[in-house]
Amino acid sequence: MASDSNGGGIGEELEQQVHESPFHPMEQFEVRQIGNVDIFIFGLDLSFTNASLWMVISAVVATGFLLFAMRGSAIVPTRLQVVAEGLYGLVASMVRDNVGNEGRPFFPFIFTLFVFILFANTLALIPGSFAVTAQIVVTFLMAILIFVTVTVIGFMRHGWHFFRFFFPEGAPAWTAVILIPIEVVSYLSRPISLSVRLFANMTVGHVLFKILAGFVILLGVVGGILPLAVLVGITALELLVAVLQAYVFTILTCVYLHDAIHMH
Amino acid sequence: MKGPGDQEDLRSLEVRLEAARQRHRGEQGKPRRLIDSNGAAAGFRVAVDLISGLAVGVAIGIVLDYWLGTSPWCLILFFFLGSGAALMNVIRTAKSLEAERKRRLEEGEKG
Amino acid sequence: MPQFDMSTAPSQIFWLLVVFGLLYLTFVKVVLPKVGGVIEMRSNKIEGDLARAQSLKDEAEEAVAAYEKALAAARAEASQILHEAAGATRQQLEAETATFEKDLNEKVQAAQARIAAAEAEARSYLQEIAVAAAGLTTEKLIGLVPSEADAKAAVERATAGAAS
């Protein structure tokens, strides 16, 4: 990090450092195989990766936390128990408010979804961890599964009447020519917006993190104080974003479910 | 004489009991909403809605052109349909955010 | 962006499905019944406690009502007894007073009669004394002894004159 050589500007050097070092902001999103065990099924590479590892960690930590928090199952709850029950109550009221009573059978799925995303998002804030939800494949798979399931539920409930969903009630008949394609495109954009929102939020947050962390380390403790302060602020913000995005993903799932069951 | 004092105790008990019952009912029915729709998050949500509508429109256009060999007509058509869908998405999101905001305001007034 | 490298997609999809599926099963079988169970238990307990408090309150109210009823009855009985007792005493008093008065009257009348008899007797003695005194006085004054009849007549005249 000596500044005497080459006579290059500090900016140039910084840029070079950023690109070469493990602090490259995009490097953290690379999916790498862990261990030497190659798993191939039907010619597909299903090997265990860092992404897989952090999925497992998220699931285990989530389950462990809930079970630990509920270990006493006390009538007068402990502090952790309040948190665990709060998550349960939050999702329950989300389902009740947005879907209604018909949403009850889907509560376990929606709760699992919320808790999984919540823990994946927040655990990703640990330095050196891997952000599962900053992978478009992961968020899109969840979104498309929800989309397909919800659409199937819509058709099962309403049969061909479900197509009415694409035409606003009371609009003049001739507008159908324009409105129906628009509504169909809008409907099809749901899994995209659902997955991209989560993916983009997490990616942007982590890129920001990595760049700031790089600055802190490059500039040393003294010079890095300002970036460090910013980093602390960003961490708080990212924690909020992590919770918020899990909440938004879940609540939009509830809204889509509502549309499929009630059709508006 | 102890009589009137007893009556008063009972009446206060009645009041406290009713309050406890109300609290319990409130706990069960009250929707617990925690966050959402601070400015940046709402803006991001709208932006994503906008982009995704347009992106899906354009994607459909390109795929149809590829299948039907009609380039660039489907792309153009679906660009506009995608724009419409994007607009629709944004309106819907804005409406739901507004409804959320109102509901919160009402709750705030009540609480 | 490494995220758009689709060579790792199959692995991610596979592991996500496996992990999420297992997580879902764990939640459905273990976690959710536990959390939901506690919440329900608490809700039931609170409802039970509230119901018990209500029934205890009702009981207390009943007890107070019974107590007040008993108190009112006792008060009424006491005043009844008091009333009766007062009545009896007054009657007895009146009866006793009446007999006493009657007795007294009789005694007074008897005494008056005795006094009248004594007076009459005294008066008759007085006349005899006056007659004798008149005879003796006359003898001393004029040396004549009047007849008893004359003396008597003179005394009667004198007392009649005095009386009139």
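As written, the chains take the letters A, B and C, and residue 1 is the first residue of each chain.
The rule we apply is simple: contacts are C-beta pairs under 8 Å (C-beta built on N, C-alpha and C of every residue); 3 or more make two chains touch, one makes a residue touch a chain.
Since the structure is predicted, the reported quantities are computational estimates derived from the model, not experimental observations.
Q: Determine which two chains are connected by the greatest number of contacting C-beta pairs.
A: After counting contacts between each pair of chains, the winner is A-C.
Q: Determine the chain that sits nearest the middle of the structure, using the mean of its CA atoms as its centre.
A: B
Q: How far is the middle of chain A from the middle of chain B, if each middle is the mean of its Cα atoms, in Å?
A: Chain A and chain B have C-alpha centres separated by 18 Å.
Q: What is the distance in Å between the mean C-alpha positions of chain A and chain C?
A: 86
Q: Go ahead and note the Å separation of the Cα centroids belonging to chain B and chain C.
A: Chain B and chain C have C-alpha centres separated by 75 Å.
Q: Considering chain C alone, which of its residues make contact with at least two other chains?
A: none
Q: Residues touching two or more other chains, restricted to chain A: which are they?
A: 89, in rising order.
Q: Which of the residues in chain A end up touching chain C in this complex?
A: Within the complex, chain A touches chain C at residues 26-27, 29-31, 39, 41, 44-49, 51-52, 55-56, 58-59, 62-63, 66-67, 70, 73-75, 77, 81, 84-85, 88-89, 108-109, 111-112, 115-116, 134-138, 141-142, 199, 203.
Q: Please name which positions on chain C make contact with chain B in the complex.
A: 43, 46-47, 50, 53-54, 57, 60-61, 64, 67-68, 71
Q: For a test of understanding, state which residues of chain A touch chain B in their complex under the given definition.
A: Those in contact with chain B are residues 86, 89-90, 93, 96-97, 178, 181-183, 185-186, 188-190, 192-193, 196-197, 200-201, 240-241, 243-244, 247-248, 251, 255.
Q: Quick one: in the complex, what on chain C touches chain A?
A: Those in contact with chain A are residues 1-17, 19-20, 22-24, 26-28, 30-32, 34-39, 41-42, 45.
Q: Across the complex, what residues on chain B touch chain A?
A: 30-36, 41, 44-45, 48-49, 51-53, 55-57, 60, 78, 81-82, 84-86, 88-89, 96
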